[in-house]
Every structure is written in C-alpha cells, then in structure tokens.
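This report refers to the structure that appears directly beneath it.
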Amino acid sequence: MKRSAPGAIALVLLVLAGACLHGNFLSPRVGLDLLSDNAVLGVAVLGTTCVLVAGGLDLSIGSLAALASVVLARLLGDAGVSPAVAIPIVLAMGALLGLLQGAVVVAFGLQPFLVTLAGMFLFRGVALSLAQESIPIRDPRWTGLATASLPLPGGHALRAGGVVFAAVFVLWALFGARSRFVARLHAVGGDERSALLLGVPVRTTKLAVHALSGATAALAGVLFAAASSSGSSIACSGLELDAIAAAVVGGVALGAGGGTFRGGGRGGAAGAFLGVLVFGVIADLILFQGTLSAGWTRVAMGGMLLLFLALHRALAGVGSPAIGR
Amino acid sequence: MKSRALPAALSLALLLAVAAVFVPHFLEFDVHGGRLHGALADILQRGAPLALLALGLTPVIATGGVDLSVGSVMALASSCAAVAVARGESGAAAAAGIALGVGLAAGLANGLLVTRASIQPIVATLVLLTAGRGLAVLVSGGGILAFESEGLEELGRGAFAGFPSAGLLALAITIATAALVRGTTLGLHIEAIGDNERAARLSGLRVDRVRLAAYAFSGLCAGAAGLLVAADVGAADASHVGLYQELDAILAVVIGGTSLAGGRTSLAGSWCGALAIQALSTIFLFLGLGTPIALCVKAAAVLAAVAGAKLWTRRAEATA
Amino acid sequence: MSSPPLVALAGVEMRFPGVVALDGVDLAVRAGEVHALVGENGAGKSTLIRILTGVHPLDAGAILLDGAPVRFADPRAALAAGVAAIHQELTCIPEMSVAANLLLGREPRRLLGIDRTASHARARAALARVGLDLPVERPLGTFSPAVQQLVAIARALDLEARVLVLDEPTASLDRREADLVLRCVRDVAARGLAALFVGHRLDEIFAVADRITVLKNGRRVGTFDRATTTRLALVEAMLGRVPDARATARADRTPAGPNVLSARGIAGDGLDAPFDLDVAAGEVLGLAGLLGSGRSELLRLLAGVARRTSGDLRVGGAPLPAGDVRAAVDLGLVLSPEERKSDGIFPNLSVRENVAIACERRFRTASKARQRALAAEMIHRLAIGCADPERRAGTLSGGNQQKTLLGRWLAARPKALLLDEPTRGVDVGARAEIQATVAELARDGMATVYVSSSIEELLLTSDRVLALHGRRVVSELAGEELAEAAILRAIASAEDSAT
C-alpha cells in the first residue's frame, strides 16, 4: 500500500490547490464528474495494471475498446439486440481477444510488446472495416441506460460512467485485490522463475491476465459508447499509453532491471485508480483556469510521470536495500 | 549483415512487384515541375520521415532499449521550427537548426533518464511521449500553424535530379549513418552491448556513453523527421504530426531484422522496413481500400516478423 | 540407520549438447536422514537437483519414491508428490508479505478473497515449526536472507513435504545465520523427513549431515559416513587425486621478472579481510580454495568488477582507480570470468567480433581485415575449432568458447591475465591446450592469476599457490611446499581452525 501513498498525497495536494484557486472546486459535483469523465481510463487501467504487475504489457486496449464500441453499436443498431445481451457479448469478445493474445505470448514465447502491437493494429483495422465513420446509437433502451444516473443525497447524481467506475473500484477492492489471482500476478511479475519453482501456474496466470485486460478494455469501449451515444472506430486512441502512465503514477513498477520489457510485481490497482484521478484533477485544474491551453494537460501529465518515477525510485532506495541487483 | 536486411528488402520488393501487377497505373509516372510524380516517387517522399524515425530507433533498439517518444518529439520539433519561421525571425537554415536542436535535447534527456537514473526505457521515454506533444501544442498555440519559407518548401517538396529531395535526403542520411556505424567500431559496440551487456562492460566498452549517444541520435532523427513533415506541408500540426509514428517506426525496425531484445542490427533493413510500411499505405490508397485492411496487413506483418525472427534463432541454435 | 530409502535415484543420466552432466549416478536418502551432496562447480549437483525437483526430465535412470518409480513433469508435480526444494538463490517474491510467500497458491479464503486473519495465523503456525516468530504481514524482502531461507523451509513443511532438497541454502549467509538454518534442517530431519543438503562448506557439511555423497564430473565418487570420514578424505575426493610426480610443465621456468601486479590492503565486496598480492612477469599465481572461498571474488576485485572499498592496486607500477573495468583493461589487466555464458561470450556475434572486441574498445575506424587477421591469429594460436571466423560464437562448444574468450584477451596484449576457472566445462583435449597456452604466455612474460577447483591443474600451471578459505587468504605455498597434500592440508586445516 505504501507504493500508492505518493499518488494519494499528490491527489490531496492537487485538490487542495484547486480549492484554494477556485471556490467551487471542492463541490460534490466536481468530484462526481471527475469519476464520470475519467471512467473510460479508470476501467481500462485495471486490466493494464494487472498485466504490468504480472510483468507483461498490453498495447492493444485502445483499439480493442474502439472495436468493442463499434461492435456494440452494430449489435444495438443493425441487429436490434437488447443491451442486456449485447453488453455481455461485447465483454466476452474482449476477454476472448485478450486471451488469444495471451495464448500467442505463452505458446510461442513471444514478447508481449510485439504481440499486443499486432493486436493494436488488427483490432483497429477490424473496427474501421466495420465502420469507417462513427455509428450513432439510437436504441431507446441503450439511451435509457447511458443517460441514467444514480441519485445521491443532496440532490446530486452520479452519471452512468461514474457508477461503473465506482462499482469496478469497489468490486475490485472487495473481491479482486485480495484474491489468490492477484497474489499469483505479483509472484509471476516479481520473479517468474521463483514463481514457477514455488508452484505457481505461470502460463495459466498469464493467459488469465490478458483475458482480464481484454475484458476491461471492452468495458471501457462500452463506457465510451455510453458517453458519446455512438460506436467509433477511432475512439480511445492512446488509451493504452495513458493507462500505463496512470499506473506508473499510482506506483506500479515496470521492473527495475533486466530486459526491456520485463519485471513488475509491484504496486496495485488501487494505486492506479489514484493515478487516473490525479490525471483527471490535473485536467480539471487546467479546465477551471480557463485561460490555459489543452497542451498544459499533457505537459503536466508528463511532468507528473517524471516526478513519480523519481519519487518511487527514491522510496524504493530507502525502503528496501535488499531488493534488486 | 546483408542477410539481415534481406527479408525486409524482399518484402519491399515483393510488395512493389505485387502492386505493379495488380494495381493499375502503379508504375506510371510523369514529370512536371522538374520532378517525378507517381506511386514510387510518392513512397520515397512520404516514407522519408518514417525512415528517419526508424533509422534513429535502430541503434536504441539494438542496444536493448526503446524510444517511445519519437512521434511526440517529431511534433515538438516541427512546431518549434514552424513558430520560428512563422514569426519571420529566422530563415530555413535556422529553422532546421532549431528542429534538430530540439530533437537532440529531447534525445539527450531520454538517454540520461535511461543511463543515469536507470529508469526502464519504456517508462523513461513515456514521459516525453506524453509531455512532448503537450509542449508542441503550447509552442504552436494549438491548431495548425502555417508558414511560408522557400527554403523549407524546397527541402520538403523539391526535387534533386528529378527525385523527391526529402526521400533522397533520408536515404543519404541512412547511408551516411550506416557508413559511420559500419566504418567504425561503433557498430560493433552497439551490437555487443545489445547482445551481452555484462560481457561488454568486462571488455572495457563505454556502455553508458554508447547508450546515451543512441538516444541522442534517436532524438536528432526525430527532429529531422519533424522538420521534413513541416517542410512538406508548409505547416505544423502539433496534435497530429507523428501521432503513433513511434509504433510504426518500431515495426519498421523489427521488420528490418533487429530484435527488440537487442543485438544484431541492420540500418538498411530498417530503411526497407519503413518504406515497406509506406508502400503498404500508398498501395491501399491507390486501390481505394483505405486503412482498415492496411492495418490488418500491418498486424500480420508484426506477427510474421516476430515469428520469422523466432524461427531464425531456433534454426541457428539447432545447427549449433 | 538401515531403514529403506525414502527417495532414491538409480542410474540417473543427463546429457546436454556436448556435455554429460550426470553419468549413471545412484543416490539414496532415508527418512530422518540429512544426506549431503558435495562437489565442485560442474560436478553435476545442480543438474541432479533439477531432476529430483521436476525442473528437468531425466534422460535415463529412475527416481524412486518409497521404492516406486515416479516421474515429475514440472516442479508442481514434484511438490504434489512431497518433494520440495529450497534453492540457492532465494526463491521468494521479496515485495510480497511473509505470509503471502509462505502460502502462495494455498491461501485460506473466505467470501471476500483471501482471509488475511486466517492466513496470518496459519503462517505464524508454520513459522513456529521452524522456531520463528515474525510479523508475517511485512514484505519478505525486508528480512535477512537466513530468515528468508527459514521461511522457505516453513513453506515446505506447510506443504507437507516428505523430501526436502536444499540447494546451497547457506550460500549467501554468514556463519551465525547459517547455523540457524542448519539447526532447522536437523530438526526437520529428526521429524522423519528426508533431507538432501547440497553445500560446499565442509564445516557445515560435518555439522549437518549423516552421510555425504561426493560428485565429480557427473559421476559419484563415493558415499561417506560422517562418523568415519575425515575432512581431508572428503577434500581429496572432491578435488581429485594427482599423480605423485610433480608435473614437469613448470620445471623449465624460473620467473624473476619485475612485479606486474601489486595489491596492498585490498578489500571490498565479497572479501572483507584486506589482502596483499604480488605477481611478477612470467609468473603464474594459483588460487586454491573450495567453492565460495572467495577465489572468484578476489579476481573480480582486482579487475574492478566488484566494488573495492580500500587498498592500493598497481599494474606495471601505474595506480588503478577502484571499480573501473575500462581503466583496468587500458592498463593491461584483464579478467576472463567464470560465467562464460552470462559474462563472457557474445553469443550472436561472430568469433571474429568476439576476439576483436577488447582491441576495438575505442571509437575508431573499423577494419574487417584487421579483425579477421586477429581472429585468424587466435584461431591458429589457440587451436579454436572453427574454420570460419564469421561463425556465431554461441554455436561453438564450451571449450572453443573458452578459447575464444582467451583469444579476446590475448589479442588485447595485456600485462596481467586473471583467469577464473578457464577449463570449467571444457573437454580434456581443450583443457590441456589451454594449460599449455598459459605456460607459453608465462614464458613470454605474462603475469597470470589462475583460479581452478582442480588441485592437479593448479600444480600443473602455477609457480605459487594462495589458499583461500572463508573469504580470506589463509596461506601461501611455493617451491618445495607446492604439492597436493600440502594444498589439501592448507584448505582442510583452515576448515578445521575456522570451526
């Protein structure tokens, strides 16, 4: 939990700064919108974090989210399928495509970077061939779902995206974070050879984590479709790198040494969720300022990333001299 | 080393041959304005920035690293150059200097993060991937920044002996770099570090310095690529220049026969890989098929390149 | 002590390309017994353990558990059958808590995932069985290596293992920590488990083992009862018998050159006690000692690979700054490392490049002709078995890789050569050739420090021998004293005096 501490402190500081600069920054509305506006990244970061913790990488999630939104729009529009059926189909598709990539990684011992890069091109290509332009979703049942909001005390309401983000967060905190599965992820990412010797089913774990990443990417696509009332083949580009950045800010390590794309085993999804919120608050701050260009958001995100890399390095250096080589 | 570039060169040749047979008017060209026009010239011209990115990335990947920031650095360099020209304060040469300087500085920053701070290359360069584009937007004020400069226009769209000068320039830089790398011990150092870093240190090589130089060169090439793109269209578009080009460039390097794990490498292969990727886009454009299928073919190309490399090493080990 | 063996290996064979790692080895471990397995690097201990714990399938022979033949597909299968391994490099996930490491894959669960309270309680109970009481929620990496090993043993007990395979569990521990682990191993065996203990410190072996099996070059030399054997007998079995007549290879040499390598008060990583060392031009200084005695560490300190904390080192009179490999190479002091694969060879580069690289460490114009000439010279001079200098070095046999490495350093024309086990994993012919080359170099004035685990080889090559024990230099033998018995005694008596 210590690794997510810098993220939490930064979040508090940023919110305080916002409160000092702008009187209405601390209003519940801003907080609720923060959840809703960052739901796509917030959901996707869960899968990415798990992959990173297991020492892997998934570059395909942005494309997969786009594909999911397009398939969803087609199912709802052309096929007239009910959302109650369409959403599970899309999520299952995401999990299956993730699993497929995991299978290629495991079976042929290929680098996840390249395998998921292929997935990234492929899914975007398939999405584009399904729909060159964005498909509006007019199904009333979907619109009902997408515009629904959870009424909260005080006359506030949390939009659908925010509800899903919050639900994913809570469910993960309750069931995921303490599961045997996560213990295995940490073991595989921490030291794959040791994990194998300790009897961890390394291959199965890798397959499962890629499937999870695919499923959360598809869910992110569904949330995109809800927010924009459309399926778009060009949606969510860059989602994979933003998710990695958020995870790093949240204390997830991509490994300290060894090969280029190895390592991991440290940090968790809770920290990564914080990372998403940190980025969200930065964007809000710049938005509130009004006069600042959108360019500042990316610059601030990059600066934040650098700062946190330095912080985590310093903390790792102080806390555990015995670790690493 | 020649054999290393062979698969990429063959893929490029095969791609062009198939296009020549199946795509109507593919090989046709005409000359106007003292310059060749046609699909082949187009590939050479439009492939130039990607070829430069791939060229810069090759030593980085060969030493076992990666540079994800090249697309953003490209945008930053083109914006800086465009602003300098648009303000009317500097000529083409100064703008070129600015673009290259920005690229070099970015590359050095990446290199220092990797060598001095020992941060994983993929994360270290993620910083500039994110911040670089933001800076580009800030510098250019967002939107598309158009400028007029005869010198840059000549660089971007001009011709040399009838051939597009940007394409020739990229080729010339590739050849010059290859000559430098192969003509000196640098090539050996790069491949040795990627193959076995510990052994390289024990052999007395300056591992960190070579690595730093590789990242600096990668930044420099990204700056040059940004300059070419800005010169070509006479404008800088901070939000879109070089977007996702880092992945195409990595793909070009991998197709070119350099493993992501480092080691043996081929600059000529990277050049062929970059042109093959550009040829793919151009051919699909000619066929009116658009990007979807091109993306699927790219996906297949990634898997083919990776699987091919795997088979190659397996076979090499089997003969041991 | 004549109960039937709980676990046994019968006629086990294991071949890797070009090497026979195990050649018909028999071994039996009874319930309640601690059985030690000793031997130098390359004797086959690690391979034997990998077979027993399901990491490698075996080529021929059988594993018998309770007298019945078994086959392990992977470490999980071995674990399921009750064979648990404690490895030399600590097998643990340092960032994870003690409890998580201990119960990985078997965590008690309730509705909301892993039951922290129950798993902590179970972890504490398991730790109690090895006499530990720890805050089990803290990351395992924050505890000492000894504790980490004890946790690994506790994990094996919690898994209800019946056979405990301990692969140098004390390798990274100091004496006090090692004692803790050894006591724990004895306790565990006393409860009816069979323990196979691989180690290299004789005092530990004598403290913990009931019986001792010695492996050498993939064969079993013999099995000894602790009660009836001596250290000297064991060391002799491990390091080998030498023909009585002193090898004549050294007779024609009388090194009298100036000091090339001169170390004063050197200490650092891996060697705490400062040592002095002089090597003259034309002299070969042998380093004798068991595995882990500090012989490799000494070389790494000299070469600037390991961190030097004190002392003054001069090469040909010029001072060498600490921890600067490149400066050492520039001054003509080069190290040929023991770990050929990970530290030496560039597997995907050609023999030409492997040979030329140290000469070409500076940035300058490359000449393929120059490199090829160098490679050709070394291929000829060292009889490297490769017709084509463009061949990938990774495809060469071990002996030829070693010669290629030697060629790399000779090509750089050094003043002093540090050779760490230059004949390990090398066939007999290549071994003789490498030794002859070292002698020839010495005749031409090279100062050499030669590490070998074979006394015979040291006698054959060295003018003087330093004996190391417990990470310090314990004695120096030269001239008339230089005989097998004396060296063995130096190593073994050091063992005795240290206990």
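Letters A, B and C mark the chains as written, and numbering starts fresh at 1 in each.
What we mean here is this: a contact is a pair of C-beta atoms (placed from the backbone, for glycine too) under 8 Å apart; a residue touches a chain by one contact, two chains touch by 3 or more.
Bear in mind the structure is a predicted one, so any value in this text is a computation, not a measurement.
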{"item": "Graph class of chain-chain contacts, one of line, ring, star, complete, other", "value": "complete"}
{"item": "Pair exhibiting more inter-chain C-beta contacts, A-B or A-C", "value": "A-B"}
{"item": "Subunit A and subunit C: spacing of chain centres that average the CA atoms, whole Å", "value": "45"}
{"item": "Interchain centroid distance [CA atoms averaged], subunit A/subunit B, Å", "value": "29"}
{"item": "Residues of subunit A that touch subunit B when the two form their complex", "value": "57, 59, 104, 108-111, 113-115, 117-122, 124-129, 132, 237, 241, 244-245, 248, 254-257, 259-261, 263, 293-303, 305-306, 309-310, 313"}
{"item": "For the subunit A and subunit C complex, residues of the former touching the latter", "value": "174-180, 183-184, 186-187, 190-191, 194-201, 265-266, 319-320, 322-323"}
{"item": "Residue ranges of subunit C touching subunit B (in the complex, touch as defined)", "value": "17, 303, 305, 325-326, 328-330, 335, 337, 342-349, 353, 356-358, 360-366, 392, 394-395, 408"}
{"item": "Of all residues in subunit C, those that touch subunit A in their complex", "value": "53, 55, 74-76, 79, 85, 87, 91-96, 100-101, 104-105, 107, 109, 112-114, 116, 139, 141-142, 155"}
{"item": "Touch list for subunit B against partner subunit C, complex", "value": "182-189, 191-192, 195-196, 198-206, 263-264, 316-317, 319-320"}
